[in-house]
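You will see chain A twice below: alongside chain B first, and alongside chain C after that.
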Partner chain A sequence: MDEQQLRIFVDLVRQYFDRETGRLPEIGSPHLGDATALPIYDFTGVIGISGERQGCVYVTAYREMLRALLLQVGETDVADNNLCDLVGEVANTISGNARIHFGPNFMISVPIVVKGTAQAIQVPRNIKAYIIPLRWHKHEASLVVSLQ
Partner chain B sequence: MTFKLMIVDDSNIIRGKISRTLTQHRMEIVATAANGEDAIKQFSANQPDVVTMDLTMPRMDGLECIRKLRRMKPDLRILVVSALADKATAIQALKEGAQGFLCKPFSEDDLTDAMDELLGETHG
Partner chain C sequence: MFRFGLGKYRTIIISITLFLVFDVGVLAMTFLISRQIASDAVSLNLAGQQRTLVQQLTKTALLLEQDATQGIIDSSGNSSFSELKELIGTADLFNATLEAFHQGGRMVDGRGRVELTPQDDIQAAAQFKLLEEMWVPINVELQKIKSLKSNAKPDLGPLLLVLVADNLNLLTVSNMLTSRMESLSAAKATNLRIVQIAGITLALINFGFILYYFLRQLRTSDHAVERAQKETEDILRTTQEGLFLLDTDFRMGMQTSHALSKILGMSDLAGRDFLALLKPIVTPKTFDTAKEYIELLLRHDVKEKLVASLNPLDCIEVSSPQPNGAIESRFLNIRFNRVFDAGRVTHLLVTATDITRRVRLERELKESERKVQDQMGMMVHILQADPSLLQEFLRNAIKGLDQINEELRTGTATTGMSAKRIDMLFRISHRLKGDANALKLEAVAQSLHAFENLLDGLRANPVLRNEDFLPVTVRVKGLYAEIHAIQDALTRVAQVRGVVTVEPPKPVQDPAIAALPFVQQWRSFAQEIAQRHEKEAELSYQGLDLAKLAQPLRDAINSIVNQFIRNAMAHGVELPGERKQRGKPAAGRISVYVSDAGDGFLELSFRDDGAGIDPEKIRVAAVRTGRLDATAAKLADMRKLISMIFEPGVSTREVVDEDAGRGVGLDAVKDMVTRMGGRVRIGTTVGEYCHFRVQLPLGAAAENANNMTDVNREAA
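Let's look at the complex of A and B:
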């Protein structure tokens, strides 16, 4: 992945929050992550990527952010199953929107959602993983992009 | 006139958002489904006039479901609501028989505008 491709994901994160909430997130400096110590917060939505590109894209967020985001989009039931659903949908939307730039052979899986921090997210060890930190409504989250 | 709507999406959040928005917009929600297989079953039982259809879903994806639904009811109106934002996917969905395509993320106004366009086009 090059800087221009990383910029695509930064823009898609901004676009997601802007369209869903009318409030842009603050984006931290994207940086290369250590595959053995990638961020994982309360809820994580993982999208597997296949086709012309291989790897994964995941969104990981704290419970408080997802609760706030749920309420913002008009959903009053903030039970864990909806928080899981939401983090998967955020990951799905950002990954699906990336096809505007990467084309239809950028194949995305249905979301796999991990609750809790006990399980590490397995990203391909031979592919660099970039971390895009973000903050929305004072809540932190990260988008991790690991693409061949 | 009120239309009977079936919402097909694997996200409960999205199904809720579509339901809340379109209930106030001439739509009666007669069924919801989280994948294509369930949508086929729900369709037979509830005979909706209009369907909103996600594409990336487990068990049976949206494109296959559109093909099957079109065979069951050729004049069914289908609005695809998907994160797959590339032009090729939109064209393929339209070829399979959808009449409208709305990209996620979407606002309530985006959805009602897309639905108005869908219904306006098919009714002339």
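Let's look at the complex of A and C:
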């Protein structure tokens, strides 16, 4: 994955926050992480990628951030179901736009939402993943890109 | 149908035809015989009528006679005129009937006009003839009466005379005739029944045959169909390929193989629209091309082989999301073959195969080839580099990259990374670059240089955002990949060394090394022994300068080499004349090589191109020295025999001289090497060479030094 492709994912996340809340998230210092030590917070929206490259991209966030995000967009029901839907929507937006950017050589799945510190999220082993921390209204989230 | 013959329907058609023939035959016979019976009934009736007429004539004639005798006048005033008229009428009717019996013709009987055929029965004809003969005299008299004028009084006497005389006979003959007619009619009725019974029986038999044959055929066909269906089902259930027929409307057939659902990842496929099914799993472009391709195949004017290479579904990737967020990718190969009926393409046979394993292997192979190519370039430098230095560099490189990544990770979200931290990254990179250059790992050095350029660019930027470090992170990942690739290459080399005994890398011959004192000493020693044995020798050395080794190790190697030289010149290297005969140069060649194996061991390689180790000579020596009895020596294999040359007291030389014969030298070598924690291996081919490989630990114990002098002394 080159810098340009990585930047597309970062921009897609940023655009989502901008469009929905009118406020851009702060992008943290990008770094690398081993498959066994990737950040997974309370709710995670995962999109699988196959084709030219195999792996996954996910957005993971703490409950507080998603709750604040829901309230920001006028939704008062901040139950877990809605938080799941929200992180799914973020991933779905990324997924839909990524299809446009990457073309047919990348096959991008419909997002899957995982609640809790899911051990089940399958990322390619022996590959260092890109971790881009996000900060919005002092709440933290992360975008993780792990592709072979 | 007839153009192609009756084929399998021949029997059934013949049977049905026969059935119809029997039915029509019976019908025709019934019709014919019925007509004859009807005709016979007329004859019977008329025969009966003739009998009555005879009685009537006699009665009328007797009445006329009585009238004439008694003078009775009838109602018209004429005497017995009505009876006479009746008499004549009766006679005419009798005559006409006789005539009709004879020649056939229309007659009037009690039921009206009837057609009478001439009687052809011989018996009946004879009876007719008899009747006619009896009738003739009566008829003559009657004609006379008939010819009288109406007012004349007829003389009935002669008529009565013949009538009375023949009346009984006529009646008898008429009765016989009637009886004959009856019997003829009865016979025909019997014939009719026989014909009908026979015809119906044949028709029934035929019908039974048809039924039997047809049922048997039906059962055979059913069995064949059932068997064919079972076979088809077995094939469809068992085949690992997805099979189905596609019609001209792109609709899938009702029968599909069981594997199809698994291959396509869908169920209930029978009768579905193939294109609708294909659309969501391939790209729009592939879908359009596939549609055009299928349409082409369905056209009769396009050659299948010509368009086969255009199949866009030759290798398609199908992805399905898994519950854990990953995508499972599979690769499918979908082929199409035309199905013809009467020269027209009616269907396409579609074969879907899961080729995931093949595609993955191909990709892995490609990736592996690419890696091998990359590694080959790297190998040149890696193999030239000092292994311990290389390992140290790799460890440091990973450590350095981990440090860089840690610096990136701890960068704050708000202020970004400080210039001070960038400097730190730069320093780490620069240090690694220097190390890489020292080891001639140019590719790594270049990557680190590019990384430094990137950091330089960031340093020049007065306002840094975190996302500006995206390219830095990408570079770091690339560097990790390069270092791991070198580690993989090293692992591969180690694996190869572990599997195959390869010669350690030999540096180019260095004249300076050749002039080293210990090399000079070995050469001189080899020459000295060669002269003693009237042989010639050339010794070459490659490898480490022994002077750089620790004293005990250096002494050990020197001692071992000296022993090997003595052994080679005494046993291995042949006399110059013998060598020439074997196509070898006159001087025996001895190659010595000492290297650091990189695994904590020093490796000594000693090779001579002499006669090698002759197992037969060792057998003899073993028996001579009492090590083995004759039988054990004969049965001993090559490995066992060769191992014996390291045993004390075993020498192939029968004569002891200053260089060999006591069987001490190699035994002492082995003992010393073992005590130092090393090992000795031998390779040999009779008539070609003998090769000793000795491995000694670099940290060999100093106390072994004492033993070396013993070796020299004892060997000498």
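FYI, the second predicted complex is superposed on the first by the 138 of 148 C-alpha atoms of A that agree within 3 Å, B and C clash if a C-alpha of one lies under 4 Å from a C-alpha of the other, contacts with A are read in each partner's own complex, and residues count from 1 in each chain.
Here is the rule we use: contacts are C-beta pairs under 8 Å (C-beta built on N, C-alpha and C of every residue); 3 or more make two chains touch, one makes a residue touch a chain.
These figures come from a predicted structure and were not determined experimentally.
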Room on chain A for both chain B and chain C (clash or fit): fit
Touching partner for A:Tyr58 - first (chain B), second (chain C), both, neither: second
Touched partner set for A:Asn81, first chain B, second chain C, both or neither: first
Chain B versus chain C as contact partner of A:Arg19, first or second or both or neither: first
Partner chain(s) touched by A:Gln72 [first = chain B, second = chain C, both, neither]: neither
Partner contacting more residues of chain A (chain B vs chain C): C
Partner chain(s) touched by A:Leu6 [first = chain B, second = chain C, both, neither]: second
Which of chain B and chain C A:Asn92 touches, first, second, both or neither: first
Which of chain B and chain C A:Val110 touches, first, second, both or neither: both
Touching partner for A:Gly48 - first (chain B), second (chain C), both, neither: second
Lowest C-alpha to C-alpha distance for chain C against chain B (Å): 7
Shared chain A surface residues [contacts with chain B and with chain C]: 104, 109-110
Residue ranges of chain A touching chain C (in the complex, touch as defined): 1-3, 6-7, 10, 26-32, 46-51, 54, 56, 58, 104, 107, 109-110, 112, 114, 118, 120-122, 128, 130-133, 135
Residues on chain B engaged by chain A in the complex (per definition of touch): 10-14, 16-17, 20, 56-58, 82-86, 88-89, 103-107
Touch list for chain C against partner chain A, complex: 283, 285, 317, 319, 321-329, 405-406, 408-414, 416-417, 465-467, 469-474, 476-477, 480
Interface residues, chain A side, partner chain B - complex: 15-16, 19-20, 70, 73-75, 81-82, 85-86, 88-89, 92-97, 99-100, 103-104, 108-110
